[in-house]
Amino acid sequence: MSIILFSNDFDKVMAAFIIGNGALSMGKKASIFCTFWGLNILRKDYKVDVKKNFIEKMFGMMMPRGAKEITLSKLNMLGMGTKMMRGIMKKYNVYPPEELLKMFIQNGGKVIACSMTMNLMGIKREELIDGIEEGGVGTYLSFAEKSGINLFI
Amino acid sequence: MSIILFSNDFDKVMAAFIIGNGALSMGKKASIFCTFWGLNILRKDYKVDVKKNFIEKMFGMMMPRGAKEITLSKLNMLGMGTKMMRGIMKKYNVYPPEELLKMFIQNGGKVIACSMTMNLMGIKREELIDGIEEGGVGTYLSFAEKSGINLFI
Amino acid sequence: MSIILFSNDFDKVMAAFIIGNGALSMGKKASIFCTFWGLNILRKDYKVDVKKNFIEKMFGMMMPRGAKEITLSKLNMLGMGTKMMRGIMKKYNVYPPEELLKMFIQNGGKVIACSMTMNLMGIKREELIDGIEEGGVGTYLSFAEKSGINLFI
């Protein structure tokens, strides 16, 4: 199974990793290719000291730093909706996105950071979490052509 | 063919069910798994008397009740765009989403309501229309692995 | 490989055509089916003299005329974000969407304009660029069932 994670919306990231972890638990191979806004969930949740130009700094500041900062695509209501959703998830024992990501990596899922997007958004390798790889469209296509299920989220 | 319907945008729901009904008319099996906002199109269009806590009531009120209430993702213009689109569709004999959903079920398409989302959004089985099933990520994956075409909409 | 391009967001169109051109360069067949908002990237970038009713004129005016006018789904900032993104892309030799579309057609990729959407949005064949075809859901499904990779973007 192969997923392109394009979005950094809380709800879409949840969907991607619930499907990804589901596939792993059924004994399938799974890869999630994080591109454009989806790259943000792979950022460390603290500021890393790297050289950036003005535009790169600005983009970096305006985008969420890791899966803990992402918000719902609808009913976010200045963060209140996402907070409420996190509360309900706890009640029903549904893992939050940052945990689902960790589990996915620990259980052998492949997470690939899109190298082109890293350039365009000025995000450096040192700013991303461990346990992931870098790759381009060729990397994605080589996974996708071996996959029975391909999704763009 | 297997579709995850994540969105409740009028335009995306149209796309999902036009493809789904197209597949059925070509003699294929088709399933549509409604999750997150996509679950809303399966709600009955009237208030059902069920016990809900405050947050569940609030979420329920803020989300569309069934396919008749959904709106365009762009150019909605406070409902005017969607209304105009419905008018044009009538002129060109394109069925509206609530009809496409009915046809899909009648013609043997499988519609699955995501049980996890039902919990998270506090939507009870009695609030959903007839002719559908409940299921989780395992249900989805068992359909998807048998499908030649998989889409996330 | 077969993609449904539903969106006309700058970032999503980029993703679709980078994957599409990647597939072509690896010797695969690729088709991109442009529907709903995605149809707009196929519009000529100048006004074409065709008969339209009031609603068709209005829709036409409010939607981007070709791939040069599309904007980012996030951080657009009244066009400034998209302009900055185009600048960074130039620096890293990443082609803009209007070039990726041209390359895709020149390298043998199939681009299909959704005929139903053309009706609904009042877009006439003369308003669309050369080198593309018209088709409906049947056309899409006949491509998709022969494709190993299917995406909805």
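Note that the chains are named A, B and C in the order they appear, and that numbering of residues resets to 1 at the start of each chain.
Here is the rule we use: a residue touches a chain if its C-beta (ideal position, glycine included) is under 8 Å from a C-beta of that chain, and two chains touch if they have at least 3 such contacts.
Because the structure is a prediction, the values reported are computed rather than measured.
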{"item": "Turn needed to bring chain B onto chain C - CA fit, degrees, nearest 5", "value": "120"}
{"item": "Interface composition of copies chain A and chain C: same or different, split at half", "value": "different"}
{"item": "Chain A and chain C, separation of their C-alpha mean positions in angstrom", "value": "26"}
{"item": "Where chain B touches two or more other chains, by residue", "value": "150-152"}
{"item": "Complex interface listing, chain B residues touching chain C", "value": "11-12, 14-15, 18-19, 22-23, 26, 74-75, 84-85, 87-89, 92, 94, 148-153"}
{"item": "In the complex, chain A residues that touch chain C", "value": "4, 6, 35-37, 55, 59, 62-63, 116, 119-120, 122, 137-138, 140-141, 144-145, 147, 150-152"}
